[in-house]
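Below you'll find a set of structures to go through.
Across the two complexes that follow, chain A remains constant while its partner is chain B and subsequently chain C.
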Partner chain A sequence: MQNTLNRIEQMHDSSLFTAAVFDQAESERIGVSNYSYWRSTFRTFFKSKLVIALVALMAAILLMSFLYPLFSKVDPTKVSTRSRNWNLRPSWDHLFGTDTLGRDIFARAWYGCRNSFLLAFCIALSDVGIGMIAGAIWGYNRKLDPIMIELYNIMTNIPSTVYLVLLAYIMNTSYLTLFISMASRGWIVEARFFRNRILSIRDSEYNIASRCLGTPMFRIATRNIIPQIISLIIMEAALCIPYSIGSEVFLGFVGVGMPVDAITLGNMVNQGRASFTLHPYQMLLPTAVLCLITVAFYIIGNRFADASDPRNHL
Partner chain B sequence: MKEHKGPLLLAAKDIVVKFNLRGQELTAIRGASLDVYEGETVAIVGESGSGKSVFTKTFIGMLDANGKVEGGELLFHGEDMTRYDTENQWLKVRGKKIAMVFQDPMTSLNPVRMIGEQIAEVIIWHFHKSHDEAKKETVELLTKVGIDEPERRYRQYPGEFSGGMRQRVVIAAAIACRPEILICDEPTTALDVTVQAQVLNLIKALQREMGMSVVFITHDLGVVANVADWMAVMYAGKIIEYGEVGEVFHQPEHPYTKALLRSLPQLGVKGHDLYAIQGTPPNLFKEIRGDAFAPRNPDAMKIDFLEEAPAFPVSETHWARTWLLSPQAKAFREALIKKEAETRSVQTPALPFDYEQAEPLLSVRDLSVHFKLGSSRVKAVDHVTFDIYKGETLSLVGESGSGKTTIGRAIMSIYTGNVEGDISFKGRKINRKLNKKERGKLHMEIQMIFQDPMASLNDRAKVDYIISEGLYNYHLFENEQDRLAKVEKMLAEVGLTSDFMTRFPHEFSGGQRQRIGIARSLVMNPDFVVADEPISALDVSIRAQVINLLNRMKKERGLTYLFIAHDLSAVRFISDRIAVIYRGRLVELATCEELFSRPLHPYTKALLSAAPYPDPDVEKNKAVLSYHPERESREGKEWIEAFPFHFLYATREEAEKYVHENI
Partner chain C sequence: MDFSGKVRGNKMGKYILRRLLRSIVTLLIVFVAVFMLLRFMPLNGYFPQEMIKETDEATRMAYLRNLGLLDHPFVQLWRFLSNLMHGDLGRSITVYPKVPISTLMAEKIPTTAFLGFWSMLVGIVAGISMGMMMVRWKNRLGDALGNGYILLVRAVPSLIYLFFLQIWVSRWLNLPLVYDKDIPQSWILPILCLSLSSVAWYALWIRRFMVDEENQDYVKFAFVKGLSRKAVLRKHIFRTAVIPITAYLPSDLLNIVAGSLIIETLYAIPGTGGLLTTAIKRQDNNLVQVLVLMYAALSILGVFLGDLLLAFVDPRIKLTEEK
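Moving on to the complex of A and B:
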């Protein structure tokens, strides 16, 4: 031991053994944490190659379905009277071929995507929007519990197909009918989801702190609650879109969807079905587009849900 | 001098553990060494983030997936366990030779399986015994850890057990394989003091009976004094001082250990500032040069910033990593000791609060609060009556679930509909429907400080908004500049700089967050503050800072506090009067010194005897009293003034008996 001490003594200048200056700011310094909720969420989200590919694909499809109708000169409703234009196989002139009336399926697919997307966006907006507001009110009022739970039970226990078919049957077929029949039901599921989430953060200490400071309800909602659940809102909306598109296709398929002259993915699948045995591509190609969109949105929504959970931010 | 009781069992040498966190490398353990001898208890003390849990987890190969041991060796029975690379090798050691008890008993037990089956499973797995044999052994184990009616308890589920009982079950499962080393990771932190004392006694008894070695991780120096033979102080991933427990307590050498022991509220003098450790624990993402504690040590030497000290021996059973022990620092060290002696001697305690002339600020009369739990009604607070006088600090002490927080929240009018009785502030009743103006005025007069600094700040809002929240609500500022000036001034008062304003709460340490929470309440300029366990979630090195801050604010702003706590050491330092609450009922109320010198109610006595005291000589010889509510009469209790200003909830005869016992 003595040896080591001697060695240390030789190594160090004795002026080092005097008082150092104490810096208050240095003692409080926290190494700046590099954590940011959104940055981590997106980093986790885009870590997977599949997600990057799907997001790029969806962006492309979305862009295409809204840009194509603006720039293309092909009229998707143009019916040909000459039978040689009917039921053409896919070729360079008609990438997806033509249907029994000689209409270009490729063009129709984009118009259909656009219309189906628009409908789905509207439904997602109303479901999540109304659902969130209703859920917040429900979460903050215990007294609403019995009524809302009954309503929820009734609305979710009727099979959705029966409900949709019934409503679509009663009213005239149109976009509005379709919107009403889907939106009138979807919000309650979202409301219950958000009610549960809000209930779990309603009594958290920082909300109680805000109440002790007399913060009005509106600011508690916008500053304390919505920022906490914004990622859930995005996720729910993303999952709502494939569901709405799927429902539209289903209604078209059973014959109570849109009027025949409207171009939607549902109508295209339905019309292709009639000639499926002779010309399978007429149904398969629109269905493929449909599958791609729904599957991609489901995967993106679920991956986003995982990524937005701080526990997965490694 | 003390000798080791048995041979060396486990030797950890220069362990380095690194974690990969969000693409950044974090060095959690920076070369820590520890020896565990047979039949002894080593306590590792350190604050959260010091790496004490991670260090012991390497002993059983249970690091999280993103961490790994990058250096050092772990010798156990001559085998280096850092070389283990298959799970099978670990299974021979983990649970069988080295077992672990975790902090939260609820997370280490499966809630949907019977208690007994969970223990029996361990026995079957490790010893390949039949189910009946295992069951028999389990019943024996349950008896051993002090669980009554083990046969019946065997078939119960964790939900039917109290916290302390659950921890006993976890201990039973851990000792089922007769391990050589039992690692206890803060096993009593989540428990009430009275239960904590029982569990500590159980661990000590089991150790003696089975000849185990125990590695005890804790942040509570009182607990260390109680259980340990040896103690190791850990700071920023390194053991900085190690020695026989008495030696370290009575002659600490490292500045951090010294500061830790000096900052304990038990040693504080009333009316004066506690000795507080400055600053914030270091961040392990950065490379640490020299002594990790140096930036927080006002008496650091230049060399502390440059180079790390070797382990200088103090005696044969005590060493510390500080340059102060180097022969070259002799002059500096002597000057330091002299300076310390000077500052320590001159303090005289402040005069006790004068109750003869005090005027009540807040009166609580017959307050009851009940909650609906399914179809039954639970009374959380049961006819509680007390006054708080202007300028005093009244502490409300009780175990978890006793209703102390509920009283605080009832005063803050957080509950609606389930509160009975009267709460009046400055003579006005406040637990009724108030109009907007009255409610607003009240928010400016009464504020609350919360327990958990992690949960009480909205982590999606910037510090600027968090502190301004109250200002916005009542528009207490003239213009944007005025508001910013107010926020800056408040931040400065709690010891934070203005460039923290644009940051988010998650960038701060627990103590800094708590100070932000205090700033948020005090920016409203209240007269009365409900402080709901403001220090119980903080690190020991930070507590003194926050206690001092609260005391200074009280003096400067003439505040009155209702201080809710379960930690008696801090209560004694901070309060003028103490109210003890048990199961929603106040059982005793007296001035601070009176209550500590002359406790009357048996529950108060049990509470006082169970509180750990940070001195091994005192702690090792103390007797813990237990409280038996069934021995008291159920009827005819009243609020009796046994001595002047000393109240007691009991029957007349009981009160007489209690008073008699104390003369």
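Moving on to the complex of A and C:
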């Protein structure tokens, strides 16, 4: 006992220990990690090599499809009167060959990409934009719920061909008709999706905790809710592109899609289908481009959804 | 004494009644909306091609009046509904001139429903097995193959892969290129093609629900008890994961009569697949009305039955709305 005390006495040597100075600022510092939602999302997103490759490829295709029509001198609508220019196999002059009327398929593919992209972007913008706003109102207003659900049931049950054909009578088939008929229905599907997500985010535990701590509504909206919604918006917009290109192909097949002379990927696939048995390359090459685009955007959208989920963050 | 069962039954009866009434209202709105939209179509669309060339204005008007197309839309609506109550669906105008629609449907629905039923079975069996395989070998080859399949089916426009499947698989396996009622080999490809997307759908959701269940306490407990992964997957996880799927079974079963436009066109199947689109394009009002009414009724009924079935198989769900 005495021994121990002696030892403590020895340890309590003022040369070895100095009393710390009380620091007000230091004592009130809160341990905050430097976690940033967006940095983590993008780090997780770009960790996969496949995603990097696909994003780069899509950026290249996008850039090319908007630059090619500006700089190329090849006219995609130029019909050749000489039969020796028809149905040419792919060569250095015509990278994708020529179609039954001697039009250059390589040029048409880029014009088609551009037009299909533009249509898809417009649809994505309106579907996701209107859908998000409607979904937010729907999610936050309980009284609206029965009305909106009724509206959803009605709208999803009216075949879109009905107003597509009707619109085509009123204002002829064009990009606008196709856009209106696809966008008039897409928004409510998106609105329902956003409504469900906003409901679950609003009532999630960390938001209830925030509210209990007295966080102002504005801060809850900007820090807790909007970041989650933005990642959903990006994901839904990315997934809208394969959807709208797919619908365009389908409507072309039904015969209520674009006018025949419009150059879109959907039209090219449907036109190539007619000559497939004789000249398979006329369909295969545009189809390959189309599938590349839809598959890439589908993967990008889904991978982004995974990356934006905080549970997958490191 | 326990009255809870009786009370619950009573509440459930009320709930079902209210749900049914709301479904009927939805159905009516959908129907009236389509009905009115159709009346905006131009009158020229109602004539067969040769009639426009050969007849004068008066004959054409008489033709329209005979069909009752010149009456006020509400009069037409009332006429249709009262005929419907007597079991009379009306006659097709342009697509199959003067053929009673009930006869038409009786001819077309069995073909489509037959193929649809088998493809639904294939879809459920193959889809669920595929989803289970993906969970069994999660993050390994089986999972990657399954995900690749789902990705292709969902991202590539269906027309494209259906077209290539028809051309290449029929050549490869020496199968007939078009459907024929009397040749069973020609049924294989249409059924397979019809089931492709539902296989992907079932696999996707079974996998997702099973992966979600894997983190539950009861699953960890089952592992702690020393059960093998296979047994836990099959006996514990699968049974819970399949419950949310059952809500979609009634819809799937009812929708087999709708058919697929693309597949029925590619394989020349005389079914209901392209009927609605053709009827709309050719302004066959009577046919469009019946089809829209039928499809909307089936889809609303499907969702309704799905909810009932879910409440029946999942004891956690009570249909009565809580106050």
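Structural remarks
Here is the rule we go by: the second predicted complex is superposed on the first by the 247 of 314 C-alpha atoms of A that agree within 3 Å, B and C clash if a C-alpha of one lies under 4 Å from a C-alpha of the other, contacts with A are read in each partner's own complex, and residues count from 1 in each chain.
To be clear about the criterion, a residue touches a chain if its C-beta (ideal position, glycine included) is under 8 Å from a C-beta of that chain, and two chains touch if they have at least 3 such contacts.
Everything quoted here is computed from the prediction, not taken from an experiment.
When both complexes are overlaid on chain A, the residue A:162 reaches chain C alone and has no touch with chain B.
Look at A:254: by the touch rule set out above, it reaches chain C but stays clear of chain B.
Look at A:246: by the touch rule set out above, it reaches chain C but stays clear of chain B. In the superposed model, A:19 lies in contact with chain B only, and not with chain C.
When the two structures are aligned on the shared chain, A:153 is found in touch with chain C, with no touch to chain B.
Here chain B and chain C are compared by how many residues of chain A each touches, and B touches more. In the superposition on chain A, A:48 makes contact with neither chain B nor chain C. Chain A residues in contact with chain B (one complex) as well as with chain C (other complex) do not exist. On chain C, the positions that touch chain A within their shared complex are 22, 25-26, 29-30, 33-34, 37-38, 40-42, 45, 151-152, 154-160, 163, 167, 261-262, 265, 274, 276-277, 280-281, 288, 292, 295-296, 299-300. Chain contact summary for the complex, chain A toward chain C: residues 150, 153-154, 157-159, 161-163, 165-166, 169, 242, 245-246, 249-250, 253-256, 269, 273, 276, 287, 290-291, 294-295, 297-299. Every residue of chain B that touches chain A in the complex is listed here, in rising order: 20-22, 24, 66, 278-280, 282-283, 285-286, 294-307, 310, 313, 323, 326-329, 331-332, 409, 412, 414, 439-440, 443, 447-448, 450-452, 455-461, 465, 469-470, 472-474, 495-497, 504, 506-509, 512, 517, 520-521, 524.
Residue ranges of chain A in contact with chain B, taken from their complex: 1, 4-5, 8-9, 12, 14-20, 22-37, 40, 43, 204-206, 208-216, 219, 223-224, 227-228, 313-314.
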